[in-house]
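Have a look at these structures, which come just after this line.
Shared chain: chain A. Partners: chain B in the first complex, chain C in the second.
Up next is the complex of A and B:
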């Protein structure tokens, strides 16, 4: 994989590089939304180049990294930003995915952008409902409450079998590349581009929020609720807002997933998904949106690599199915043991160690 | 203010005039910090009211009072440990900023301009409290005296009208306390200050008015001289019978 290109893509797409180069005085004076939108455009351009270099086969994986990254970035804002641990993030992805599938099925005339907007609205409403109910809960109690969501929601598909299709879920055909670009990009590449367009815009919004006043308020609440409220920060409201933004990002990610895969099944959105997202976030580094990039690459590629490995070793079917989970666990333990701040924390330390020698 | 069967504050009245320094003293467990928590909205009084500029305050939650212009420091400092010193202070100025979510996302309106103003204001406050060189460090890496200055900067940067200081002198050296006394007198030019403090030299030095609490009741009020001469105060601190003429200076230690 040409991961250097990908890294550059993400670097552009992810915001708030804490170690800004000295030439960035004028860059910094740009308004934050404009700055992050420019970075987003740069990131999208880099992904486009990457897609053309790597070709059709990897396009779906690139798309998977994209929507996973959006989901993890939303979780990052919630957990790393406001200190609320949610085990129910996968449930919001499920809400997004089913909304997308139902919209494509019953309202095929709606353009994709309208579907995306509807998904955001639905996820926001769900986020307000859950967030308002759980705003007074802390730490393990909040995690427990959101756990119920992750465990319970997939069960709804069986309860409403006719509408949601039971354990088979809903299968839809999503439109591929528009006729105008038919010869230029394949359907998968087109879908990857659509995904990344939404993802970079979503990431830009998340970045603007977390570098702006709202993000600072969230961090203050995470660090000390009493002191935050004494500084004039409305604690309950800010926590709900963080929850809602995270669920919107999760819902959008789920919608994109359904769009790419053309299917929404309950077995995709089990508790294991929520736990994986959280574990991957810790693995990538919880303090920065950057962590979301490493997390999503880890989620997508660890699984592919391990099943390739299992295949080449000729292991039994059971072993092949479970090996990715084992491998993920081992990597998580190793990273936590040696780099407690996650991959991004380790990279930051490395950068700090390199820079002084460079300047001398 | 009652906690279950325990009456922590009973019929306590406290008036704070603009530009004055009010000292709140009393032995341990007298209810000083409880009164502070009521004033800052952390606790809701079981009975009684808070009046803010001759009217009820804009809301009963802590952040309502804070936005109206009441700031406080904490005994335990309560700095935000994972935010830089600068961000700690910028967060303290939160009430001065305007611009809602729409302005945040689109870059139109006041949000981002105000953010820059807050930053400049916070840097000025850090300068004023002598901690500007540590702006990008985490508060936990600073010595305790400097952390106290960061806490003061965070409380003052929002230009509050009433500043509640909870034991600002604890853990400071004599020299640092002298600096603190100057600072508190400086604050009183722009805002009213309420001070809970065990360090009597400081209290007597900076306060215009002193309220003495014991077992949740006001036992004496007045100027530092009046309070020092009050035999009840001596009794509360030393436990001597009230009919024995007390040594005010002894009480002060």
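Up next is the complex of A and C:
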């Protein structure tokens, strides 16, 4: 997949850091983890402000953008970083969501942070299993295998009906805002804040990984596997590690979703979800974490807007239910046709046109 | 033992459907190096055309012909107007476009015909062990596979299509209209996909009816080798039998995971499918 487009995407993605003030030298000299944690804190502050400005009603949508973004960002590392196309990312979200629901149901005393850690461990184990099994697969073969995983895994909920609740899934009540903050924030605002706290930490970790040595190795493998292995990069191991990190991000995202919605059902984690995640990633722009942000906003809001629109036009129920899907598909085709680098690529080109001197 | 024979016969019949789907995926992969995720969408167009035509005329066979024609035409149109403009960007983008197309068609079918299930008849009676419908499934797919082999092997058109698929540059220099050949490949593939749709659709059709069938089709294509039509047919029958045994003895909800296990085992031994040949390449 070392096409000209890909190389352009890579070049466009490298100068992603927006800060261009005179202090850039000092900023750059900070160690990478610290720098990304500072950015994460900044992002969390921005979300907090946004939540207080927009109020309770949008809190759930803000939370949805958050956990979707974490899932897409994990996929970004896997697809954009190591070049392994996974069509089964929703399966790991499902593992995370069910782990969360089971933990809340059977171990209600565990604090949320412990639950999150357990989810990461479970998702990592699942990622190792799947990643090791599929490490020899490449290109469309890997895509096919992960596709089957996404379709097959929800079947387990029917097989283990007593534990996983069949097609009704598991419904739990997750704790809302702590008593101390009861008057200050509503339950859904608190949940959105919790989600985004986990999300920004997760994103910081992903950013550190992808800018560091591991990320460089992944990109080398993506561009030419044979050349990478001749340069001494452990190809198989790096691929599995990429898979494991991505599945941990996906599992965490699923866990957060179960925490916010208080439910884990097989009908949430369909093939359509996995395909939508990958499609949104390419739509947002591959090769940069910003792409994941545009992607998750697109996933959450395109659907809301089009179903509102269809509702206000007074169309039939069939049309109202199906138009969001049609619209998403049309957007995908058009963006791929006219902005092959996705939304982020288009924005960067726009920025370059406005301030051409900044092109490094 | 009786149970086993039943499962084998049913597995062969559904395997024929998977083989047809895998065959259409392989033809497109050979021509454009692209796994066509819009395949179920094209089959969907075909069966809903058949549904409407059959309702209007009252004849199953006019509907059947309409479905195959719809498959042929929609495949050609999709290649010419949707795939070709983006074929030069990147493989991943092309995959995303086919996914987008799948969403659009599934949604539009839902808008026009509704999300609910519609009854959809078999060509022949489906009762009894190895029913006429099963015979028809195996027979029609077998005939199509043979015709396809003859087309590729013995006709000038087939030669040009192979040339366009494997060496587009030299084919173009020898005067082959490469673009036209790719369109023809997509049309043929989508024709076979429409046949698979007509076999897999009954007894009910709905916008998502082909999702699981398509997954088995991809499985078959992948274990047979995406580059190999014989592998596709073999893989289809293999998956059909495997899924039939797993559903019969272990439970239908495990069938898909069993397919995953088969894929992982087969591809770990032969990463490019059962019938693949190792390829040399320069670094």
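The rule is short, and it goes like this: the second predicted complex is superposed on the first by the 334 of 360 C-alpha atoms of A that agree within 3 Å, B and C clash if a C-alpha of one lies under 4 Å from a C-alpha of the other, contacts with A are read in each partner's own complex, and residues count from 1 in each chain.
Heads up, the rule we're going with is that contacts are C-beta pairs under 8 Å (C-beta built on N, C-alpha and C of every residue); 3 or more make two chains touch, one makes a residue touch a chain.
None of the values given here were measured: they were computed from a predicted structure.
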item: First (chain B), second (chain C), both or neither touched by A:33; value: first
item: Partner chain in contact with A:224 - chain B first, chain C second, else both or neither; value: both
item: Chain B versus chain C as contact partner of A:85, first or second or both or neither; value: second
item: Chain B versus chain C, judged by how many residues of chain A each one touches; value: C
item: Touched partner set for A:308, first chain B, second chain C, both or neither; value: neither
item: Contacts of A:56 with chain B and chain C, given as first, second, both or neither; value: neither
item: First (chain B), second (chain C), both or neither touched by A:133; value: second
item: First, second, both or neither for A:232, with chain B first and chain C second; value: first
item: Contacts of A:337 with chain B and chain C, given as first, second, both or neither; value: second
item: Common interface residues of chain A - those touching chain B in one complex and chain C in the other; value: 224, 226-227, 230
item: Chain A to chain B touching residues, read off their complex; value: 31-34, 205, 208-209, 212-214, 216-217, 219-220, 222-224, 226-235, 287
item: Interface residues, chain B side, partner chain A - complex; value: 40-42, 61-63, 66-67, 71-72, 74, 78-83, 87, 90-92, 94-95, 97, 99, 101, 104-107, 111-112, 114-115, 118, 154, 158
item: Chain C residues within the chain A interface of the complex; value: 29, 35, 37, 82, 85-86, 89-97, 99-108, 110-111, 114-115, 207, 211-212, 215, 218-219, 221-222, 226, 251, 253-257, 259-260, 263-264, 267-268, 271-273, 281, 283
item: Footprint of chain C on chain A - complex, ascending; value: 1, 3, 5-6, 79, 85, 133-134, 136-141, 143-145, 147-149, 151-153, 155-156, 158-159, 224, 226-227, 230, 271, 275, 278-279, 282-283, 286, 318-319, 321-326, 328-333, 336-337, 340
